[in-house]
């Protein structure tokens, strides 16, 4: 008495068909479909999914979104920066010197500096929420799917990759919509190579110091480098440890609808708060640890502090790249959040202000080292918040540590390559 | 007395808007489903003096064992047995959305349907006889436009009402799948009905899952004394 | 005559006869509304010159728009329906 024989075919198929049969029957008496259907959506899709226009429109939209995020957030960043500055000044009045330093420099100073970068992240979330709520994001994934497939990635990997240009933490959180485990893991592993917003101040500083009018090009080249490395790595992983075909890309395209301000803001808020909660604890802990390492032994100069000592200890490893203890120390600082490298260099050179730091850099290093440092900042260990997110999203220490090692090794290797090319070009 | 209310529906149906309508932001709590990396959103609210705990299940098209999301949603319903399951449907896309409804009916969940995006359906020129649909499915249906909060009050009322009458009235399956399939289902139910699994899960649902060769359920019957008898019918 | 959905031109309608694929794919498609006798309309396709290769396809099934790769469209067999 076998099921398949009785029914004539696989019971699963029969059941699915039966359900839809019944649904049709029920709807026949309770639903009357109108003639008007997808007109607005069709018109919009003619442009958005146009064979040749589709990609340029998409690039334009995303460029606009990033612009919006950074421009709109600028005043907020100022306010937050000022707020923490005032708090830091106020805490100088605390009687216990060490406590005053902990709270003033460590918490308000260090953490405050990082928190000034929250507005762009929130606005980025807002931009993404608007694109998502309107229905456009699904079209974007559709347009990019063909390319993604050739890269061994899933069509849905595309949105996390894109978000990575703002911040890797929400980007990695966005991999949840990817179904295949392997696809998801690959997307998570390569995401940190997408140059996030935090690295930009570092590039701008270094490029500004060394490359004059070529500075914007140098900065752009970092973005390109990140993308290339991410793609190559994804292909490599797909062919080696995470073998297999990407999971079938099947996605629903919702009707376009005007995103409500209210709805998108809620979306943004949810994601932003999640980000703060996840990253927040790591950032606070990291800020305190870093403060400790750089302030103790108490009263010592930066060079003799623990951070300086670590810098000196590790410097030999990095000398092939031309990095001295100062750079190494600032890279240690930047583990907390990559934008900290800027401030760290200021502290280490005991100067304040961007042009002063630039001056110090030019005085101590040549352009090749500068470029190597930019590339190293791009590629090496992700910031603490990203590491925490990787652990959360991958659910495993194994892959998180793998990513740590991978990024460090890649950064070093690429650094060597750049140094080598520089040597050929005549820089020692 | 706190009633648990689970929200479920396809992606893009406005489930999160409804969740936000039911639970103010401050009372929302985001965490993870135990042992999984899938996000879990829940919150508490009060409606007409009744306290409700709302759990937002992952948006899914189906409830197979194949995807983590779907398994989480299904396990929550069948093991935690929430007092009410609010199934949010996109009114402009009813046909496919109802597939999930059928699966929920098989799970014998205490369903209230929120027929959301009712405005979009209207714009599409759809005319829906809500009363008739409700009768045919055997569950209450509330048309809603979550973005303008239209229908939310009625939805809240229906949720509380459904929670209060749960278990008082034994629900008979309104949906049946035709003689051949029903006979098969019955013969499987007869085999498993005295076993432990049938005490924990609805027997009819188990039978359907077994017919579908559901990986999770097949795993669960391994080693059971009726396994051999079952496999003869199934394969 | 049974043909793969992939070769249906834009605007054409087909009735699904069967899906050639593993259980995973069949289930997945069925969840999205692609079952036997379901009517599918091709909305958009970045067709290139060889059917079976080229970009993804957008189809309409049961009131919703679904997009998938050509690799899948080749496995969905339909019978063309006159409008």
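To keep things simple, chains are lettered A, B and C as they appear, and every chain counts its residues starting from 1.
The criterion applied here is as follows: a residue touches a chain if its C-beta (ideal position, glycine included) is under 8 Å from a C-beta of that chain, and two chains touch if they have at least 3 such contacts.
Just so you know, these numbers come straight off a predicted model, no measurement behind them.
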Interface with more contacting C-beta pairs, comparing B-C to A-C: A-C
Chain whose averaged C-alpha position falls nearest the assembly-wide average: A
Whole-Å gap separating chain A and chain C, where each centre is the average of the chain's CA atoms: 36
Gap in Å, rounded to a whole number, between the CA centres of chain C and chain B: 29
Touching two or more other chains - residue numbers and ranges from chain B: 92, 94-95, 99, 213
Shared interface positions of chain A, touching two or more other chains: 12, 20, 33, 252, 254
Shared interface positions of chain C, touching two or more other chains: 23, 27-28, 32-33, 63-64
Contacting residues of chain C [partner chain A, same complex]: 23, 25-30, 32-33, 35-38, 43-44, 46, 55-56, 58, 60, 63-69, 71-72
Contacting residues of chain B [partner chain A, same complex]: 10-12, 16-17, 20, 25, 30, 32, 36-39, 67, 92, 94-95, 98-99, 102, 120, 123-130, 132-133, 136-137, 147, 175, 177-178, 180-181, 184, 187, 208, 211-213, 232-235
In the complex, chain A residues that touch chain B: 1-4, 6-7, 11-12, 14-15, 18-20, 22-24, 26-27, 29-37, 176, 179, 252, 254-255, 257, 260, 262-263, 266-267, 269-270, 274, 392-395
Chain A - residues contacting chain C, complex: 12-13, 16-17, 20, 33, 38, 41-42, 45, 49, 51, 138, 142, 145-146, 149, 155, 248-254
Chain B-facing residues of chain C, complex: 23-24, 27-28, 31-33, 61-64
